[in-house]
Every structure is written in structure tokens, then in C-alpha cells.
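Here it is, the structure, as C-alpha cells.
Letters are used for the chains, namely A, B and C, taken in the order the chains are written, and counting of residues starts over at 1 for each.
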Amino acid sequence: MSVGASTVTLERSPRRLWGLVALVLLTALAALASLFIGSRPIPVAVTLDALLAYDPSNSAHLLVHHLRVPRTLLALVVGAALGVAGALMQGLTRNPLADPGLFGVNAGATTAIVAAIAFFGVDSVSAYTSFGLIGAALAALAVYRLGGVGGGLNPVRVVLAGAAITVVLLAITHLITLNSDVQVFDRFRHWAVGSLQGRGQSVLLPITLLVVLGLALSLTLARALDTVALGEDLGRSLGVHPVLVRSLAALAIVVLAGAATAAAGPISFIGLTAPHLARFIVGPEHRWLLPYALVIAALLVVMADVLGRVIGYPGEIGVGIMVALLGGPFFVVLVRRWRLVQL
Amino acid sequence: MTITQSTQAQGRLQAQNVTLGYDGRQVSEQLNLTVPDGRFSVIVGPNGCGKSTLLRSLGRLLKPQQGQVLLDGADMNRLPTKALARELGLLPQGAQAPDGLRVVDLVARGRYPHQQLLRQWSAQDHAAVAEAMRLTDVLELADREVDQLSGGQRQRVWIAMVLAQQTPLLLLDEPTTYLDLAHQLEVLDLLRELNRLNGHTLVAVLHDLNQACRYADHLIAMREGRIVAEGAPRELMTEQLVAEVFGLDCLIIDDPVSGTPMVIPRGRAG
Amino acid sequence: MKPIADLPELPFATRLWRWRHWSLRVSLPALVVAVALSLVLMLAMLASLVMGTLDIGLAELLAILGGRAENPLYHHIVLNIRLPRAVTALFVGAALGASGAVFQSISRNALGSPDVIGFTTGSATGAIAQIVLFGGGALSVAVAAVAGGVLTAIVVYGLSVRGGQAGGYRLILTGIGVGAVLAALNNLMLVKGDLDDAVAANLWLAGSLDARTWQQAIPVALGVVVLVPLCIVGARALALMEMGDDAAAQLGVSVERQRRALLFYAVVLAALATGAAGPIAFVALAAPQLVRRLVPYTGLAVMNSALMGATLMLVGDVLTRLLPFNLTLPIGRVTGIVGGVYLIVLLARARRL
């Protein structure tokens, strides 16, 4: 039997690898499309020039260089971060409803940004990002302490702690918007739908740094997570320290989801569903699940961002909205058709 | 103790031309089976041959796509479910105890079909639960939480639950999984006792062929969704049948303890 | 079978009450909690009627309730303003608590709430569309919210049925998908809509008990009186379904029929509550969980969840009115803060959950 099993894995690995390669290529195509499509029409040749022979005195080149390139990169980074964070979160809590926002990072960022808008009159995107990061980190710390993530993690307890802190923070946010000037709500509603509009290099660089750190941590944990999933004792006997692995995974989730939310606003659907889509394709093993979730989520975010610009022309529809409008029906069809892979 | 081929045996529970499957995927086609009354029947067969599917359809958990399962000649899917649950019990695989539920309260849930909204607990209920817990040796676990028990203890608690149901017909899907050898024999002895003393009709899916031969009055061998053969173990178990059903090259000798057939594998059949 | 006298004592978590050939099993801690919650509710009810910009003494209140009011203005304030508000709070909370208990059991998930099948998002879609696209008044917004929620629940259930079975897991995932689409539509309407309409919608989304009349109080009260008992009856079957569909079916539970019936009751309860007070955060999620922290588990605690929900709402409302600040503090968000903080305290103190 064991011989049969190992040949099966050997046969299946290349297929998974090719699947991943195909997804990466698709994502690259979508990213290219994102460079060429925008609310201001720029001829394809000019865009190519801007990429290959950049001329700072050409306004079209400037636009491509300073807006479209960082925006596309940010879409990839945010998507990758949310996909991996979601997969880790669902594995960690063994709960298919778990969204990376559960650690309170979305709510923390939201509250901090509303407070910044209402009390300090902040209105620049890069300042939002800093406040968002601080808020996300504080909320995650609270959930971490309250949920007892440090010592023997109890999934239900973490989920409840996250839900409790999230609901309190969102209620506070709501109260702030209700009791402030209408303009505060106006700015907030545009941030809250999730958008990549107007995020330049100043947002891209720090966020990318954080996300790369978070992704590196997650991918190194993949095998250990599979072992922990077999159960506390078996994990320990296979030489993995479950508490340490879980704590590091939690840290990775907070870094990834916090960075993504701070950069693009709360995009809820991706972190929840990209892991489910990945699980449909490759099953529950983390060492395949994480890369697949990463690429699928990046692909979805870039595609949604491009389509949001096409459909909303001459304005645009926020990426958070587009992701859900496109992904939702697709997800429902999958759930109906496919055999479900339970956690 | 030879028992004659029982195709004409009396049986309250019958499957007639049933076709079984899930979501368009067919597992079995046109099965016919009469479960002999008052006997201990065991279904054997390799993994994925449709044993559990057949058992679930006999226990009305799976509605046949075609054909019908009859209890006392009546289509089972038309009988009131609670009345049926007083006649026929089934221990399913993969039941979960809700967090924090205690052993005695879980076993008591087996009395549900005997209860009503305003008649939630009678002396018979108490007696049945106590008896079931005594038989399965879980009385001293009574106030423990089910999710804190070992796998073997938990399995005995679940068996206690279906015993508390006190049905004359009892179907069990792999009742000995998670149990160590001593507890496996204990459960099987218990089932045989129920069968011999109380005349319960039992059907179990078992994996261990030798245990099946030792305890079964009536063996049902399945392969790829079909019933290949059925009858008393002594008549049924031949080296040829084991090769056909399990793809196993073996020697059959008399079990030195019970005298029933005993399968000694030589290797996989070429 | 042995005579009863020989039988061992069994340490059931429930006490047995007998009368003639009837018998009921009651969990003593559950009973204690129910009585305690009822007392708190009565006190909160009194406080809610006495408090306000106009001070009405206890003696006067009793006179008014007894129909012996001397001052027609007080009579009007108590019977037509304060009482409808308190009654709305009470029954909205009870409806949400019971609904949440049913949903958590069906989805076997501590996060289960009417939102699992997209209900809350769908009702918000109905209300926002009514406000932003058609500029509807209070009553038509309430109707649109109920319609949106119920329609969403039906669509999610319909989409998740396959081979005659909905199944907990597929139901949850379908709810996520449909809910996400509707949430996106809601955001789209809020962002693209006129700012004044968006502010109005934001106010509705906060949930409120202000200016409630008997028109809002009576439907939800009737719903609770009829449906909560039905849920309590169904809870026995639902508790068995928590062991898995097979285990419940073999005990004689008609699994899919019970699930459909109870989902229906729970959705209608949530719909009536939303129609009466807008979306109320967290009560449906927190009430059953709080009860579970207080009472050892024996089965599905519909009654106590309803009482806990009512307590959260009514106490939340009283506390809000006690606060000295001149702020807009809609009850829907205050319950979020009160319930959330209470759950946080419970979590911080509990060593093991």
C-alpha cells in the first residue's frame, strides 16, 4: 500500500506544479492588462515606451510610472497577502467561516482610520495607511491576549475573542461617523469599500516589505502546519512545537492582513474564499494550499481592479466591491457543483 | 453449529431490487437481501465495496434511487420516523458529541423515539439507560464529558446510546473501530448476548474476517456494490471466495478456540 | 429487566419533574439563569418606563398602568411612547436571541447567526435600496428590509439544496458567497448614492429604538409569542442533529424537514426584529454563547437565549439613555459594545471554555 501511495504523490505533484505555473501566467497577463487599461486612455505603444524607455518629461509616461505600475504591484501584493492570511486563518481555527479579519485587524484599521479622519482631520492615503497599520496591530494584540493564542490554542475561543473585539470596534466606528460632520462619513465611505485608487510608491514600498516578510514566514511554516493539523500529540512526536507554530502563524496572519487592509481598505471576500477555491483544486495540505491561495487571490484582486476601472469608466468601482460582485456568484456555483473539501 | 443457507429465511427487514448511490454516483444496483430474523448477520467486503451504503439504506438513512426497503412488508420510507426508530436502531459512523455533553445525557438521547414533548422521562427510560450503560461498562464514566474520553470509551458510549433505544433490530456500522482487542471482543460478545438472550436481530459491518466468522450466524460478502455470496460462515468461507472478494491468497483452518473458519493470509492473490 | 429499585442513580444534568404521567426534564442551572434574567428584565422594564426627560415616579407609573392616571400627558407618554419602545426592545432582543440559538445549532458553528445565510446583509440591501434608490419612508424601509432578508434566506437555502439536502456546511458556504455579493452591492449604493441618502442609510444601518410605536412593537411581539415556543419544541430534534444527521435520523428525527422548519422560524424572527429596529449587532451571536458560558450544556437553550437577548437589548437601551453625553447612540451599536465587552470580560476570566 505504501508503495502505491508514494507513486500517487509523485504523479500528482507535477500536475499541481503545472497548475500553479498556469495560474502565475494568468496573473501576469492580468497584471499586464492592468498596466494598459485605465481611466485615462493611453495608447498601447506609449504605455510600452513608458515601461521600456521611461521619459520623465512625458506626462503619459509619468502617469504610467507613478500610478499604474505601483497600483498594479499593490494589487498583487494585497491579493497575495489576503489569500495566504485567509488560508492560515482557516487552518488555524479549523473554521470555514474564518476570515483574516477575525483577528480584529480589519476592525482595528477601520476604527483607527475613522478616528484619524474625525479627530485629526487626516485625509491623505498614505496617512491612512500608517493609522491603519497601528490600529490593526493594536486590535490583533488584544485578540491575541484575549483568545489565549500563546498557550494551547482553542479555536472557538479565538473566534469568539475576534468577533467580540471586532463588533465593539465596528460599533465605535459607526458611532463616530454618526456623531461627526457629514464630510467624515463621506471620506470614510470611500475608504471602507476597499480601493487601490491613488496609492503611490509611498504606500507600496512599506506594505510590500511587510507582506514579503509575512509571506516568507507563512511559507516556511507550511509543512509544520500540516503536521500540527494531525493533532497536538502527533505533531509533537513528529518534532514540531505546536504552540510555537501556531503563534508564528498568528503573527503572519496579523502582518499580512494588517498590511493589506491598511493599504487598500477592508476587502473581506478574498481572504475568505480564495483559500476555499485553492482547497477545491489542491486539497487541504498547506504546502500546496498556501501558494495556490496566494496566486489565486492575487489574480482575483488584479482582475477585479481592472474590471472596476473598465465597468466604472470614466470613474471606477472600488476593488473591494468588484471582487465580491465577480467572485460571489462564481463561488456559489463552485459550492453547488463540487464535492466540498472540509477542513 | 451449522446453519442452513438462509435465502428463504424469515425476515422482517428486506431490500428489494434497491439501487443505491449518492448525487448521481451509483454504488449498488438491483440489490436483494433478506435479513434473517433473530440472527447476527455480518457484512464483509473490501474497502469501498458498498457495505456502509447498504447498511445505511437498511437503516433508512439513504433512500434507494430505485426499489424499496421493507420492514414487515411495508415501505420503510413511508413509515412514521419515530415509530420506525422504536423498531430499528443504527449506530452510524462519524457521529459527533456536542461540546460539553456528558456521557449519561448522551446515552439518554437514545430514548428520544420513546418520548413525547410532555412525557420526557419515564421509569422505563431510566431502566433502559442504566441497563445499556451497565452492558457497555460505561456507568463509572456517567458524569464525564464525552469529548474528554478516549476513543474506545467514546465508542462504547455511542453503542450504549443505540442500546438504550431498545430496538429489536439493530444495525451497526463498524462498531469495533477505535477499540483495543479486548474491548472489541467485549463489544462483539455483548452483541452476541443481545442476540442470543433477547432475540435481537443484528446486522454489523466488520472489517476483521476472523471476528466476522467467529460471531456471525450469517455472513454477507460484498464486492463492488454486489452481494457475492451469503450464508453461514462455515459453508461460505472458502479460499476461493476470499480470493474472489478480497483478492487475497489464503489458507482456511479451524479456529482453535471457537472452531469457526479462520483465514490465514498467504499474500495478495496474483 | 431489573426492578427500578436496583438501578443505579444516574447523574443526569437535568432534574425530573413529574405530574401524573407527564414528565419534564429541566436543568437546574438553566432554571436559575432563567429566573435571574427574568428579574433583571423586570427591573430594566421598570427603569425604562420611569426614566426620561420627564420624571415619572413609581407610584404614578403603577397608577398609569392600572388605568388610574390623573395626568393625561403622563398617561400618553408612558403608554404611547415609553411602553412601545420598551416592548419593542424586549421582543426584538428575544427574537434575535432565539434566532441566533437556532442558527448556531444548525450551522454547528459558534459564529452562526442569521447572517450565516445572508439574512442581515440581504435586509440591509433592501433597506439601502429603498432609501438610496427610491427615497422611501420609515415604514416602506422596514418592509423592504424584511423582504430583502427573507428573499436572501430563501435564495441561499434554495442554492444550497442538492439531492434534497441542504447540509450545514454547504449552507454556510453558499451564505458566504451570496452575502458577499450583497454586501458589495450595499457598499456600491452607499458610495455612489447621494451623500444625504447615504447618511440616512448609515443611520438606519445603526439600528434604533427611537420613535417606535405600537405599529413596530406588535408584529415582533406576536412573532415571538408564536415562534419561540415552536423553536423550543423543535430544539429537542435540533439538539439531536448536532450529533450528525445520521445519528439524529436513526433516532426518528425527520432531519431535513426539521431543519427547514426551524430555519424558517429563525429567519422570520430575525426579519421581524430587523423590521422593528433595524439591524442589531451581535445579540443573535452573543446571547446563545453567553448562555452557554453560564449553563452546562444539555441541549439547545432557546428560552434562555431569548431571555438573554431581551436583557441585552433592554439593558443596553436603559444604559444608553442614562449616559450624559449629547450623542447619537443607536441601540444597534450599543448592543454591539455592551455584548462585546461582556463577552470580552467572560473570555478574559474563563480559564477553559
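Throughout what follows, a contact is a pair of C-beta atoms (placed from the backbone, for glycine too) under 8 Å apart; a residue touches a chain by one contact, two chains touch by 3 or more.
Keep in mind that this is a model prediction, so the values were computed, not measured.
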| item | value |
| --- | --- |
| Smallest number of contact steps required from chain A to reach chain B | 2 |
| Comparison of A-C and B-C by number of C-beta pairs in contact, larger one | A-C |
| Distance between chain centroids, defined by C-alpha means - chain A, chain B (Å) | 49 |
| Centre-to-centre distance between chain C and chain A (centres being mean Cα positions), rounded to whole Å | 33 |
| Computed distance of Cα centres, chain C from chain B, in Å | 43 |
| Multi-chain contact residues (two or more partners), chain A | 156 |
| Sequence positions of chain B contacting 2 or more other chains | 99 |
| Sequence positions of chain C contacting 2 or more other chains | 162 |
| Chain A - residues contacting chain C, complex | 95-97, 146-147, 154, 156-157, 159-161, 163-165, 167-168, 170-172, 174-175, 177-179, 182, 185-186, 189-190, 192-193, 268-269, 272-273, 276, 317-318, 320-325, 327-329, 331-332, 335-336, 340, 342 |
| Chain C contact footprint on chain B (complex, rising order) | 22-23, 56, 59-61, 81-86, 88-102, 104-106, 108-110, 112-113, 117-123, 126-127, 129-131, 133-134, 139, 142-143, 162, 165 |
| Complex interface listing, chain C residues touching chain B | 1-2, 4, 7-8, 10-14, 16, 21-25, 162-163, 233, 236, 239-240, 242-244, 246-247, 249-254, 292, 296-298 |
| Residue ranges of chain C touching chain A (in the complex, touch as defined) | 109-111, 116, 159-160, 162, 169-170, 172-174, 176-178, 180-181, 183-185, 187-188, 190-191, 195, 198-199, 202-203, 205-206, 281-282, 285-286, 289, 327-330, 333-334, 336-337, 339-341, 343-344, 347-348, 353 |
